[in-house]
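Before any comments, here is the structure.
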Amino acid sequence: MQQLDPVIFFFLLGLGAGLLRAEMRLPAAVYELLTVVLLLSIGIKGGVELAEADLLRIVPQLAIVVVMGLALGLIAFGILRLARGLPRADAAAIAAHYGSVSVGTYAVAVAFLDTRQVFYEGYAAAFVVILEVPAILLGIVLVRGLRPTHGWGSVLHEVFLGKGVVLLLGGLLIGLVAGADQIAPFEPFFFDAFKGILAIFLLDMGLVAASQAGTIRKHGVFLLLFALGFPMVGAAVGGFFAWMAGLSLGGALLLAVLGASASYIAAPAAMRLSVPEANPGLSLTASLAVTFPFNVIVGIPLYYGVLSILYPGGGGLS
Amino acid sequence: MQQLDPVIFFFLLGLGAGLLRAEMRLPAAVYELLTVVLLLSIGIKGGVELAEADLLRIVPQLAIVVVMGLALGLIAFGILRLARGLPRADAAAIAAHYGSVSVGTYAVAVAFLDTRQVFYEGYAAAFVVILEVPAILLGIVLVRGLRPTHGWGSVLHEVFLGKGVVLLLGGLLIGLVAGADQIAPFEPFFFDAFKGILAIFLLDMGLVAASQAGTIRKHGVFLLLFALGFPMVGAAVGGFFAWMAGLSLGGALLLAVLGASASYIAAPAAMRLSVPEANPGLSLTASLAVTFPFNVIVGIPLYYGVLSILYPGGGGLS
Amino acid sequence: MQQLDPVIFFFLLGLGAGLLRAEMRLPAAVYELLTVVLLLSIGIKGGVELAEADLLRIVPQLAIVVVMGLALGLIAFGILRLARGLPRADAAAIAAHYGSVSVGTYAVAVAFLDTRQVFYEGYAAAFVVILEVPAILLGIVLVRGLRPTHGWGSVLHEVFLGKGVVLLLGGLLIGLVAGADQIAPFEPFFFDAFKGILAIFLLDMGLVAASQAGTIRKHGVFLLLFALGFPMVGAAVGGFFAWMAGLSLGGALLLAVLGASASYIAAPAAMRLSVPEANPGLSLTASLAVTFPFNVIVGIPLYYGVLSILYPGGGGLS
Amino acid sequence: MKRMLLTVITEQALERPLIRCVLDTGARGYTITDARGLGHRGLRTADFEQGGNIRLEVICEEDIARKIADALHHRYFQDFAMVLFIQEVEVLRAHKF
Amino acid sequence: MKRMLLTVITEQALERPLIRCVLDTGARGYTITDARGLGHRGLRTADFEQGGNIRLEVICEEDIARKIADALHHRYFQDFAMVLFIQEVEVLRAHKF
Amino acid sequence: MKRMLLTVITEQALERPLIRCVLDTGARGYTITDARGLGHRGLRTADFEQGGNIRLEVICEEDIARKIADALHHRYFQDFAMVLFIQEVEVLRAHKF
């Protein structure tokens, strides 16, 4: 078995402390700050790499990734409606979460590759931004049709002006325009401290996941199975699209992880206001208390192991 | 045109996000923390430089800077009273803001010089502390005369025991007493991470400026013109006093920027309690939503361009 | 006289600002974040060192340290009951605070040794975790006997699942399992930035100590004397146990400082719920507003000076 | 006319629409504090995305209070965590409200 | 039956036991905001370990409010900083409480 | 004598003078929560220097409540954002207040 990256230990520490009801909490303001820094860091790093990449190769990849987001959302929706007959709104809301992505999971996957010194397309942060959007729009259309209650203006506002898209995209643009040289003075804060900040973030996520754990039982076994099973489907879909886009093994892992991960920043906010009749507890519990821990602890090494063997150019397990 | 320092992009990102009403906020606690760290960083850095400087040369410079603060306040007050006939209290309050200084603007100017590797008097942070005070006292005297309502004790408390003076002065003293060697272990946090922390601070300032933008219209065109025009006057005054004090080109830019900038930490707090009948919206909107963005985006490179040509020893635009 | 470590200046700055009622506050969220980072940093560093240490030597040392915690609690309780006849509950609560330890004081002592490049047992963080517990349990037993009101379950929960033990122990385990190599990417955040973060923490502690200072008078001279005198006793006890455990001079200083210091994280929380009839103001004022400043400013250099002369292998004052 | 204090405890996500509703109905101000709590829709703590509650207070004339209550009832009670209560209060400078 | 708003201002450290007491007594929900203050037991500010207060609100039937008040009085008034007051309120969807 | 709950919503900058006024007038305690809001003097959010509001509560005898209201009216209403309202409440251990 591959050893866990130590950053995971912080998640486990938070999870354990939360489950044991330890007297510890990280205030909401800390969570906000950490999220802002993580999103900006990832965006800026991606932007710096984008500045050096071949845009002609990237644009088609971005288009492929949009299709992937829609595909993931549709597959999730199909499974939830057919296998279980969940109400349309709930199925669509969960599909929006699983078609979209988790930035925290992405950050752990990047740390995983960095530790193993595996090459990956550095501009993959652009995929994260892109994937935030289509599945959420799809989820809304699946319930509201092409005429959302408060009009498209308000829907697009929710989707494109959430913290996730704004900060990732903003970071990307800053990195792109400024380039590596000008970003250098920001490195100690945004890059060197990254893993420490990610550690505190994961500690916090562990506490949050623990606080949600109690509600898993309430939502039944099917949701649990979906939250554990869909990541495998999503990772396979991500791996397939990575192959279509011609990514390296590292890039394929990142896209697989994005496929496997479920949003807990952009999607909950957007769906709450656009499809309020969906039970927000269902999707948040699934993505946060089950899928996130699963991906971070089991999923990432698992997908990497499988891709190492199956992915063209993967070259077997090292 | 000179390229913008990337730190400005963070301000623009915040401003844009705010104007588009993006779902993003940085909690008050984060703003407090960033302010404390910035003030201490600037103070400590100045103190370390002060420890190595020739005090005999500096003391007269500090005296010159006190005069400059009073001059700026009087000029601003004159303009506001004569050109527009603003009520005495409002004119005095705005004059106190513009005679005092903005630490955030100063930090951006320092980053500007560092990026261009232009020399400046490292102890200039001492000027920031000094300039915080005289214009605020002047503003109070202009309204209350020499007998403030609650006595001088309470006024001096407001002015000298605000966060700005305490942390800048505290940092200066710590840097001065400890010296470069003993400060070395603090460098990763206070100096290396500085630009990243400044970036988050500017992101936040952008959000705040955007939230104030709506009130500009309410206060009329004159205030807008003042907030855009006075910085030019202030920069010229700052440049003049820099020349009198015998500063280098870099030091002259810093003093010009201090002259051009308006306080939004020390002055609002002090004026609110000492001259409560002044409308706090007027001065805060002007300094925060107009003058701060103007200086940070347009002003600093502009003043530097002009000083490069006109300032004795400036040696033309590089 | 030995020069003060500059980190102390931040405490003095906070204390001064607080006593002068400066307009400055660090929000509760900032304090929480700083505490979490400090506890984790200390724990991880200790864990990394533990990974390389000889466990056979350490286990008996840990046992010795447990005895030391009980001894300190009993001595404090005895003094308070005999010399003054304080009510049993109050005496026990204060004894629990003084038998337990202050992580902030420990961090300052480590900084003190680092600055002087004095060797110490790096795994001493394990002593901090160990010492958190016994005196608190003792304090509860001294009031409740062997049958606490809400049962042992709830007492053990309070004692072992407080923030202090969880994060220190968690950090220790992470450092131990991951080892120095894997922890390397976390160094910029947890180790390099440590002294800066400690500085902000001490600034905050200064503000808090100042806000408590007013209550010292209320509690009378005896409490003041105890809070100033017991640290000397505690340091002597710590030095003695360090000698028993065969620690180096640096390790002896750390154990002396732990003996001299009083808890303000774990003990107040646990005692409040387990011995609510004790006046929490007494113990918190003593440990926070008197003992903490005393140790940090006077105590650490003093204990080091004495140990340098008396401690076997100390080798005299350098 | 009597002045009422209307208090609404609801999801953070509703802050902007709620404010719009309150002002559109004719109230001249509002006050918000952050809160957390438990109700029929489960636990709502503030330490996560959209997780917390807000506590909104509006002082206004009785008929406006009733109109706001009706509007909120109509629009949000079905799908959102929300509690609403009304008290009579004595206000200084009552004409302001 | 009348619906009452019970407000308790007390030490942060009591948050968990208080919630348990409130729910055990039969209330169906609660709301908490963070607070600071001064009373007989001195100043309680939020910027330190266990230093702050919480402000807990419960809407419930009158008899439950009285039971909660009694229980808190009995268990905590002796040793903890605590203030408790009760008001009658008009609640939308009163059957919920 | 009746016990009243006096609530003041005002600018953060007034926290210290307000507390002094309340205690000088004879009240024995107070509770403060942080707030934000909108009123005649515009929007007051908490995310900037001096920008936010506080919400101060005082439980006291009726005449003290009136005296505090008068004092605040006199000193601050002209120049500061401030709202003040009074309710009757039933308090446990009323003699404390």
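So that you can tell them apart, the chains are marked A, B, C, D, E and F in the order they are listed, and the count of residues begins at 1 in each.
Note that a contact is a pair of C-beta atoms (placed from the backbone, for glycine too) under 8 Å apart; a residue touches a chain by one contact, two chains touch by 3 or more.
A quick note: this is a predicted structure, and the numbers were derived from the prediction, not measured.
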Length of the shortest touching-chain route, subunit C through to subunit F: 2
Chain whose Cα centroid lies at the greatest distance from that of subunit F: A
Maximum centroid distance from subunit B, chain identifier (CA atoms): E
Approximate Å spacing (C-alpha centroids) for the pair subunit D, subunit F: 20
For subunit A paired with subunit C, centre-to-centre distance based on mean C-alpha positions, whole Å: 41
Centroid spacing, where centroids are CA-atom means, of subunit C and subunit D in whole angstrom: 46
Contacts with 2+ other chains: residues of subunit D: 33-34, 87
For subunit B, residues that touch 2 or more chains besides their own: 25-29, 33, 188, 193, 269
Which pairs of chains touch, using the document's own definition: A-B, A-C, A-D, B-C, B-F, C-E, D-E, D-F, E-F
Parts of subunit E lying in touch with subunit D, wherever the complex brings them together: 3, 5, 19, 23, 28-34, 59, 87-93, 96
Of all residues in subunit E, those that touch subunit C in their complex: 11, 13, 17, 41-43, 45-50, 52, 78-80
Residues of subunit A defined as touching subunit B within the complex: 27-29, 32-33, 36-37, 40, 157-158, 161-163, 166-167, 170, 173-174, 177-178, 182-183, 185-186, 188-190, 193, 269
For the subunit C and subunit B complex, residues of the former touching the latter: 5-6, 9-10, 13, 16-17, 20-30, 33, 111, 114-115, 188, 192-193, 195-197, 199-200, 203
Residue ranges of subunit B touching subunit F (in the complex, touch as defined): 25-28, 31, 204, 207-208, 211, 215, 264-265, 268-269, 272-273, 276-277, 280-281
